[in-house]
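Chain naming follows the written order as A, B, C and D, and within any one chain the residues start at number 1.
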Amino acid sequence: MIGFRNDYGQGAHPDVLRALCDTNLVRSKGYGIDAFCDDAADKIRLEFACPNAAVHFLPGGTLTNLTALSAFLRPYEAVITAHSGHIAVHEAGAIEATGHRLLSLPSSDGKITPTDIAVACAEHGDEHMVIPRLVYISNSTELGTVYSLAELTALRACCDAHHLYLYMDGARLAHALTSEANDVSPAQIASLTDAFYIGGTKNGAMFGEALFITNAALMPHFRHAMKQRGAMLAKSHLMGVQFATLFTDKLYFRLGSYANALAARLQSELLSMGIEFQTLSPTNLIFPILDNAVVAALAKNYDFEIWCPMGNRTMIRLVTGWASTDAEVDKLVADLRRML
Amino acid sequence: MIGFRNDYGQGAHPDVLRALCDTNLVRSKGYGIDAFCDDAADKIRLEFACPNAAVHFLPGGTLTNLTALSAFLRPYEAVITAHSGHIAVHEAGAIEATGHRLLSLPSSDGKITPTDIAVACAEHGDEHMVIPRLVYISNSTELGTVYSLAELTALRACCDAHHLYLYMDGARLAHALTSEANDVSPAQIASLTDAFYIGGTKNGAMFGEALFITNAALMPHFRHAMKQRGAMLAKSHLMGVQFATLFTDKLYFRLGSYANALAARLQSELLSMGIEFQTLSPTNLIFPILDNAVVAALAKNYDFEIWCPMGNRTMIRLVTGWASTDAEVDKLVADLRRML
Amino acid sequence: MIGFRNDYGQGAHPDVLRALCDTNLVRSKGYGIDAFCDDAADKIRLEFACPNAAVHFLPGGTLTNLTALSAFLRPYEAVITAHSGHIAVHEAGAIEATGHRLLSLPSSDGKITPTDIAVACAEHGDEHMVIPRLVYISNSTELGTVYSLAELTALRACCDAHHLYLYMDGARLAHALTSEANDVSPAQIASLTDAFYIGGTKNGAMFGEALFITNAALMPHFRHAMKQRGAMLAKSHLMGVQFATLFTDKLYFRLGSYANALAARLQSELLSMGIEFQTLSPTNLIFPILDNAVVAALAKNYDFEIWCPMGNRTMIRLVTGWASTDAEVDKLVADLRRML
Amino acid sequence: MIGFRNDYGQGAHPDVLRALCDTNLVRSKGYGIDAFCDDAADKIRLEFACPNAAVHFLPGGTLTNLTALSAFLRPYEAVITAHSGHIAVHEAGAIEATGHRLLSLPSSDGKITPTDIAVACAEHGDEHMVIPRLVYISNSTELGTVYSLAELTALRACCDAHHLYLYMDGARLAHALTSEANDVSPAQIASLTDAFYIGGTKNGAMFGEALFITNAALMPHFRHAMKQRGAMLAKSHLMGVQFATLFTDKLYFRLGSYANALAARLQSELLSMGIEFQTLSPTNLIFPILDNAVVAALAKNYDFEIWCPMGNRTMIRLVTGWASTDAEVDKLVADLRRML
C-alpha cells in the first residue's frame, strides 16, 4: 500500500527524531517548565516576530482547540466556524462538551467571510441567544485553501468591529505559509490573530502542537486550563526538543514546502490527464474526482480517503507529507495514466 | 543537579526509543487503528489474562482519568477517592470540569477502605445528593503504598455491594506490581477492577498510557469519548509501538522493579542513618523527614520535591525511575552521611 | 397597549389561581413528594392513556429541555432539531452548556422530516463525529404548525430505525392538540414519543411544565438530574395544584382551543383584507406580512413581535392566549382595516 | 400532622397572594423586563442601600446558586464552602455539574473562618490545582447560626487579601437579619459581599429568589447566563409582583422575625424541660436532641426532619415559618411535656 491518506501516519522527521535521541537522558522538571521548552518558545516567538506572545505545547490538535476555546470564552459565548471547520465536524463535539455552541457558516472553499460573520452577529441580538465571541478559522483549511493577507486583514477588522477574537487552527500552518498562493508572513499571522496554533503532528513532529497566544487578555492562568483539560503532559519537555528542532534553520517551513511541492506536481499531472477537481488546492491536500471504477482499482494499491461520493464518480482526498516521496508520486501518476 | 524529583523527567527507555526509531517510517492509518496498537493490546491482554478487555492508548494520565470517568458516569454520579488521590489534588479540577463531584475520604497512607466507602454511600441517600458510583484508587498510591490482594478483594466486594465501579489509576502500576509488598497478580488486577490504566509516562515510555476496560458495560463508544476529550492522538500508533516494546520480555515490569530496588536501597540506607520516615514505602517514592538545614544543603546539588513542611523539619519526596542510577543513589547516601 | 406579543404575559387562569388560593395553607413535604403532585400526575397519565409514565413538574421550558436532554444522553451524543427549534435559537446555548452538540436541519415550516434525519445520521458515521441520539421536535412548532399522525408515525419509525429517542417540546401542546389541523390524540403523543412536556406557562398556569417520560429506560434517577440542574423547586406542590386543575374537566385543552379560535378568526379576517402570510398557521401564533408603515402605525397601540424584516415589508408575529379577548381581536381587525 | 419540617411547605403569604391576584391580568412583555420587576428591584436596592446593584429574579435557590457561581467563575476556579454548605451537600452536585470544584472546610456551626480560608488558599499554589476564587457562605446557615458584623468584616478582608469573591446564600436572609443575634444591617450585607441572594421561597413568596449583585465586574451578560441555565422564567414579572410586596412595609423582615420568635419560644420551652441542644440557634431552625422513643412518639402527630442519629438519642430539626402558629408551638410544647 502506498500512502496518500494523511500526513500524520508516520513517526517524526529524522532531524526531530535525532534530537529526541540525543537529549533522551537529559532530566527535566516536567510539565513544560524546562530549558527545551524555553528555547523552542523563544525560537517560535522570533519566527513570528512577537516577543511577548505566550507559547504552550500541547499533545494534539483537538485538545489544543478545546483547551484554548474553553479557556478564552465565558459559558454563554459561542464560536463562529465554517461548516467544514475541523471543530464543527471531526472533533466529536469537543467544543460543545466544554459548554459552548458553535455557529457554523456555509462555505464552499473552507473559508469564511466578514459578510457571513456580520450576518451571524446581527442574528444574535438578545439574551435569549448566545453571544458570538470567537471566530475559528483553519489555515490551510480542511479543503487545502489558504487565506490571503487581504482576507485575513478583513477578518481582523470584522472581528474588531464585532468584539470577536480571531483564532487560527494551524494544524497545517506550515503548508499554508509555504503555499504558492500565500502572501502572509508569520509576523502577520501573529499580528492579525488573537491566538493560533502551529501544528507539529502533521508536519514532522513525533507529537505536539505549539499554541501561540498574542492577546494578553487571554494569557492569565492558561496553564491551569491546560492541566484541567489533561493537556499538560508530564513530559512536555519532549515537545520543546521537537519544536526547537523544527524552528532551527526553518525546518518547519521546509517540510511544509516539500509536501506542497509534491502535491502541486501531482495535481498538475492529474489535470494534464483531464482529471477534474472541484477546487484546485495550493497546499498538500488535493481532491480529484474520479470514476468509481478507477477509485476501486486505485484502492488496491493505494491508501487514501473517500471524500465525497458523487453518483458514478467519487471525490477522493490525496495527501502528501514530509515523508512522501517523488517515487510515490511518480508511481501514482503512472498507474493513473494506465487506468484512464 | 542530580535528579530525584520525578520518574518522568527524561525521554524513553532505550529499548522503547529504538523501537520508535526502527518503525519511524512505517505508515499507519492513524488514530490507533493499526497493527502496532493491535499488537500492543494483544500483548497487554495476555499479560493481564483478560482476552476480552478493551485496550485504548491515551497520551497522559490526567487525560486518561477524565476521559474514562466522564465516559463511565451519568451527570449526577460521583467519584469516591482518597483526599490524597491524584484526581482530588493535582489535576486542577479535571473531573469536576466534566461535571462530576468528587467525594474525598481521609487516608493516612493513600489508600481507602471499604468501611469509609460504606459510610460515604450511607450518607448519600436521597435525590438532593449525588449518587456515589465509582471508586478511584491509585496503585501504587501517591504515597508509594500498594494495595494487597486482601484489600483489593474487600474493595471489590464493597463495590459490588454498593453498585460501584472500581477504577485503578495505574500511573505507577509497574512499581506496585513489582513491589516486595505486592501479592497481587496482573490477572487479579484485571479481574478485581472494572477498568484501570497502565502508566507508560512514569515507566519508560516516551509518552502514553494504556487504558484497560474489563467491564463490558463500559466499553461501547469509548473511542467517541476519547475523540471528544482530545484524547485520541492522530499518531496513536506510536503508543502501540511503545507498549508493544514494554510488554515484550516483561520490560515494563523489569523497569518498575529496577526503580523500586533503587528506592528500597536508598530508604534502607537513610533508615540506617537514623533518618525518620512517616510511612515506609515499598515502591519508588520515599518520604524522609530531614532537618531544614539539611534540606537546604541538599537542594544545592539535588533536585527533589518538598512534600510537607513540619516546623524545623521537612518531609521531602525522593523518586527513583528507570533512568536513575546506582551512582546517583550512592552519591546521595554519601552526601547525606556527611551532612548529618 | 393591547397585547399580541405572547401567551405568557399574564398570571394564571382564574380557575388555576382559585385552586392556588384555596390550597394556600395546606402543608406539603416539599420537592414534589405530595398528594397534589400525585393527583396531577395521575390525571395526566389518564389523559394521555399511559399508566406507567413518569411525570415530573419543572418550573420552565428551557429548564425542562436542558434537564431532560442532559439526563437522557451520554456526553458524545447529539440532538437533531430544526434550525427554528427553540433549543437551537432561543435558549442561549442551554443544551450545549450541558455538553451536547445540536445538529440543526433546515425547515421552512418548523417541522423536520425522516428524510432529513436519515441524512444527518448517515453523515455521522465514525468516532470523529458525535452520535445523533435524540430528535427534538416542537408541537405546535415555533411557526405555529402541527405534526400530523402520519408525520409523527413516520418520525417514530425513523427514530426506531436509527436508534434515536423522540422528544417533543410541548410548550404549546394544548394548542397543537386542539388545532383544527390536528389528528393526533393525547394517547398517540404518549405512544409515539419517548418523552414530551406539557406546557403550563403558555396555557394558563402561573408557572410550570409537566414532563412526561414514557420510555422506562429514561426514568431512573431523573429526580437527581432535576435537583442537579436546579429544576426541582421546594414548592413543587404548587405545580401539582395547578396541573390538577388544568387536567380537570379538560381545562387545559379548552384554553388551547380558545386561543386557537381567536387566532383563526384573526388570521381569517386578515386574509380577507388581502394581507399576505408566508405560511398559514392552525394554532395561536400567526405571521402576517405588512407594509412597514402599517407595522409602525400598529406599534403605537399594539404590542407584538417583529419576526422578520423583509425589505419594505415586515413579517410580524401575533399571539393569542387564554387571556386574550374577542374585543381585542375585534379592535385589531378594525384598526387594520382603517390603516390599509 | 402538624408541620415543623420546613418553611416552604405552604403557598404564599396572604399579602403576596393578594398582590398576585390583584395583578393577575396585567400583561407584561415577559422574561423580567417589566414594571413589576423594576419596582421590586428599586425597593430592594433601597432597602440594601446600594443604588447601583443589579437585581435579578430566579425561581429557586439551587438554580440561583448554580447560575451565579458558573457565571462568575472561570473553568479552573473553585468555590470555598463549609462542609455543611447547601451547595456542598444538598444540591446533588449542581456546582460541579457546571464544571467547578468545591473546596469544603470543616465547621461545627455552619460558618467558616478567615483562618480556614487562608489555609485552603495556601494549599492551592500551582497550576496542578484549582484556584480558589469565591467564598460561599449561608446566612443564616444550615444550622441556624448567623454571621456577626465582625465575622463578615473579617471575611471580607480575607477575601480581598486572597483575591476571592464573597457570595452569600440568603435562602433565609430574613431570618438572619431579624435574629436577636444579628448586628448586621442590610446595607452592610450589600457592602461586604460581591453578590448574595434574598430568599423568597422560604419566607412568604409563592416562588422565587432575588439575586443581588454589587460587584460591577460580575454584572455583564448575567441575563445570558440566566437564560442559558433555564433560570429566566417567561413569567418573571410574577416574581416582581411578589418581591415588591415583600419589600413594602418591611413585610419580608416581619415574616422572618415572626418565624424566629416562634422558634425562640419553642427552643426556650424545650430548654426549660431539660432537653439538650448541640448548638442553640438564634433563628427559625432549632436542633433538639431527644430520646429515640420520644422521637418515635412525636412522629405520630408531627412532621419534622431527622437530622442526626446519635445512638439511643436523635437530633431532630424543627422549623418554623411565616405560616407557623402559636397554637402549633403550644401544642408541641404540651405534648413534649407529657412525653418526658
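By our rule, a residue touches a chain if its C-beta (ideal position, glycine included) is under 8 Å from a C-beta of that chain, and two chains touch if they have at least 3 such contacts.
Computed from a predicted structure; not experimentally measured.
Where touching is counted per the definition, the chains common to chain A and chain D are B, C.
For the interfaces B-C and C-D, the C-beta contact count is higher for C-D. Separation between the centroids of chain C and chain D, computed from CA atoms only, is 33 Å.
The distance from the centre of chain A to the centre of chain C, with each centre set as the mean of the Cα atoms, comes to 42 Å. Annotation: 50 Å between the Cα-based centres of chain B and chain C. Residues of chain C found to touch two or more other chains are 75-76, 91-93, 97-99, 127-128, 130, 224, 227-228, 232. Residue ranges of chain C in contact with chain A, taken from their complex: 75-76, 78, 89-93, 96-102, 127-130. Taken in their complex, chain D has these residues touching chain A: 31, 70-71, 74-76, 98-99, 127-128, 130-131, 221, 223-228, 232.
Residue ranges on chain B touching chain A, taken from their complex, read 1, 3, 5-6, 8-12, 14, 17, 20-21, 23-30, 59-67, 91-94, 97, 201-202, 206-207, 224, 227-235, 237-238, 303, 323.
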